[in-house]
Amino acid sequence: MNRLKAIIESNDTGLGRVFDFGLQALILLSLVTFSLETLPDLSDAVRRWLYYAEVATVAIFTVEYILRFVVADKKSAFVFSFFGIVDLAAILPFYVASGIDLRSIRAVRLLRLLRAFKLVRYSKAVSRIHRALLIAREELILFGFVSLMLLYFAAVGIYYFENEAQPDSFSSVFTSFWWAVCTLTTVGYGDVYPITTGGRVFTFIVLMIGLGLVSVPAGLMASALSKARELDE
Amino acid sequence: MNRLKAIIESNDTGLGRVFDFGLQALILLSLVTFSLETLPDLSDAVRRWLYYAEVATVAIFTVEYILRFVVADKKSAFVFSFFGIVDLAAILPFYVASGIDLRSIRAVRLLRLLRAFKLVRYSKAVSRIHRALLIAREELILFGFVSLMLLYFAAVGIYYFENEAQPDSFSSVFTSFWWAVCTLTTVGYGDVYPITTGGRVFTFIVLMIGLGLVSVPAGLMASALSKARELDE
Amino acid sequence: MNRLKAIIESNDTGLGRVFDFGLQALILLSLVTFSLETLPDLSDAVRRWLYYAEVATVAIFTVEYILRFVVADKKSAFVFSFFGIVDLAAILPFYVASGIDLRSIRAVRLLRLLRAFKLVRYSKAVSRIHRALLIAREELILFGFVSLMLLYFAAVGIYYFENEAQPDSFSSVFTSFWWAVCTLTTVGYGDVYPITTGGRVFTFIVLMIGLGLVSVPAGLMASALSKARELDE
Amino acid sequence: MNRLKAIIESNDTGLGRVFDFGLQALILLSLVTFSLETLPDLSDAVRRWLYYAEVATVAIFTVEYILRFVVADKKSAFVFSFFGIVDLAAILPFYVASGIDLRSIRAVRLLRLLRAFKLVRYSKAVSRIHRALLIAREELILFGFVSLMLLYFAAVGIYYFENEAQPDSFSSVFTSFWWAVCTLTTVGYGDVYPITTGGRVFTFIVLMIGLGLVSVPAGLMASALSKARELDE
């Protein structure tokens, strides 16, 4: 029993490493088959094989879940832990027959890969990121809130400038908000853009204010992280 | 009277918290109804209900404004404070009958939400941001000014390269300036872009110079903020 | 003579400030008239007025240039200084009759506005920026060079992936280079983009490598600037 | 022999500098001719001249490779060094007759230009960059991994929102992944974008999370670099 526990929960032993590596390969494989299933015009034969692969994957994941449950010291702690919930969510949609499409939940299997970061040095990096978030929390919340306000103001402003000229693209504050999101994040798909002079001048002003606003948090987080690393040393 | 003042102006007491929370919920609600009003093809019934909601909102905001005025120690200081003006601007458009469309002013209600940041720790964050702006002021102004100059030069340059090939898109320095804004902020809607070889080479050079220029201020602000936090400790 | 020199070269006296402010207003005005001239469909009357404004501006700038020359202690030092050359370039195109279109040179008048930053505190900021460039010089050159190499590799790579599928958009390495510039700077006009699976996967890989590369220099510059400020204190 | 070695391997002597500079000019020239070759509609005469230039370039590079091999102290160390492999890859495609198109390998000649950074101060900068990568390694890997996960989740999410409305643009998780790459890197070509309300709200949320994620590594790298410079002093 103790040996089984060592194999499953840690990767110090050779078998433990094989167990971990094998499962991670299987997770990746199951994500690939999930993605393949969404391809249109698949032949029935391929669909059947993908279904068999899914059945096999769920079977192995179920065995793994039961094993993890058996070897866990505190059963309920495992079931309600982050990985316990993720592990269950990765297999449950297969067993539950329901009207709504639950297949997309299978994408949570991706989260299972996070187990690969249980190594000590990544735990340290995660705790540094956590500390950096604490250091810069107030500023991040403030900048986030002011960014949201700017998005809303930009949406209202462009609505009044462009609504008359482009009643389809800027039909309401909601569609204008979509423009604001595309513009202030600098994605700029080009599906909606101002054509009136007023709207363009307004866009210019909003961008001058907004660019700084949107990119400061990332720089803030970066300098908080280097601060957290200094405290770590 | 003192109890009323405590409820309205602070959120230490239970009733004070209810008062603040209720008002903020109402502000959010009024912004939603304002946004809904801009939707095209609303039925008359919905329009009527939105109008009733607006009347009710303005009524409550008016009562709140009068209460805040009554409990204020210095009446004129309240009236001309930031929040005093914002509170008034949030209700005035409803009462003033005028030819021009004042409905958009209702968006200033968003600013009323800033009261949520009166907590001590956010005041500290705001003062840190203020100090960071002071620390990096000269550099921010310089970079901002040089960025504006680069925008203008880019506009003039692309005008001479593209005007002949695309007389509609680059009809004058003003429309070229719109291109410069879209390009140097990397929004890139795709409504105007160079097609001549000269214009593309020019764009390449301008982007090489401009990208650094436009993103340095954000990094500058971030490092000034971490500096301000160190001074704070 | 000394009084004239004080008025022209410094802004300590009241008249000196009027002189500086007036000239800067005139520079801005001349940039506006220059931009207006590029508008298509101007009436002859407007064109004439713009021409008169230009004649007046050049006349004043010429007088100013002569005055600056006269009060300068070392004549040749003034003529070959940065501002001496800019001042001359701002008026010369008007006097030189030539076959090629020199009007665009009038845009250099923008550079004359830089005189506004002769104040002590901006001189300090400029010297800090200069020092930051020296601090981060090697890294900036390395990142710039590697960025250029990545741009070229991206152009060659996408050419081999997309040339067959889109012979018009990716007709040669040169047009592919234009795609690489638009993509790695994240401008993304949408005039050229990969459509083959290979080209898209290649774009994904190039962007993963390139995004860091392109934005590191700006962050580098920002931290070098805060370093330079520390040395300054 | 020793003099030849000095000329080829260092640039302390005059002839050594001429040798290095001449080769680098030739590398640039060969990249230009390679790019020119990809131009469509070249006349036969031009094609022939480009071929002659290529033959001459390869001849000189071959002589250079042999010389470097001869003067190298340890022959095998040179052959399997980074520059040894690059030098060989730059000439080999010419000699090897094969069915597949090896011309694109000629682009590796670009890498030969890296020899220009053998100077001491650039070696220092490279070692600083190396140290910065070591300092920020765990965070960079974590952010990179989480970014990849976000890209996949975004692809799965948008697939479920948009697949029905736009079966062509979002035909599978793979094409949705292309959208995720274009959006989260803020390139935004505009070839695929959400049109449903659900898809747009989802895009908004993904961008709010993703923008920070994608730009933090660059800031991280920048502050790690300034840290590495401090350790250097």
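First chain written, first letter: the chains are A, B, C and D, and each begins at residue 1.
The working rule: a residue touches a chain if its C-beta (ideal position, glycine included) is under 8 Å from a C-beta of that chain, and two chains touch if they have at least 3 such contacts.
In this text the structure is predicted, and so the values were computed from the model without any measurement.
Q: Under the document's definition of touching, what chains do chain A and chain B have as common neighbours?
A: Looking at chain B and chain A together, the chains touching each of them are C, D.
Q: Mind checking the rotation angle between the two copies, chain B and chain C? C-alpha superposition, nearest 5 degrees is fine.
A: It is a rotation of 90 degrees, to the nearest 5.
Q: When chain A meets its copy chain D, do both sides use mostly the same residue numbers (more than half shared) or mostly different ones?
A: Counting which numbers both chains contribute, under half are shared, so the two copies meet through different residues.
Q: Between chain A and chain D, what is the gap in Å from one C-alpha centre to the other?
A: Spacing between the chain centres: roughly 29 Å.
Q: Express in whole angstrom the distance between the two chain centres, defined as the mean CA positions of chain A and chain C.
A: About 40 Å separates the centre of chain A from that of chain C.
Q: Can you list the residues of chain B that touch 2 or more other chains?
A: Chain B, residues with two or more chain partners: 174, 186-190, 215, 218-219, 222-223.
Q: Within their complex, state which residues of chain D touch chain B.
A: Residue positions touching the partner: 186, 188-190, 219, 222.
Q: Show which residues of chain A lie in contact with chain D when the two form their complex.
A: Touch list, chain A to chain D: 31, 34-35, 38-40, 101, 104, 107, 110-111, 113, 117, 121-122, 124-126, 128-129, 144, 174, 178, 181-182, 185-191, 214-215, 217-219, 221-223, 225-226, 229.
Q: Per the contact definition, I'd like the list of chain D residues that touch chain A in the complex.
A: Chain D reaches chain A through residues 135, 138-139, 141-142, 145, 149, 152-153, 156-157, 159-160, 163, 167, 171-174, 183, 186-190, 193, 195, 197, 200, 203-204, 207-208, 211-212, 215-216, 218-220, 222-224, 227.
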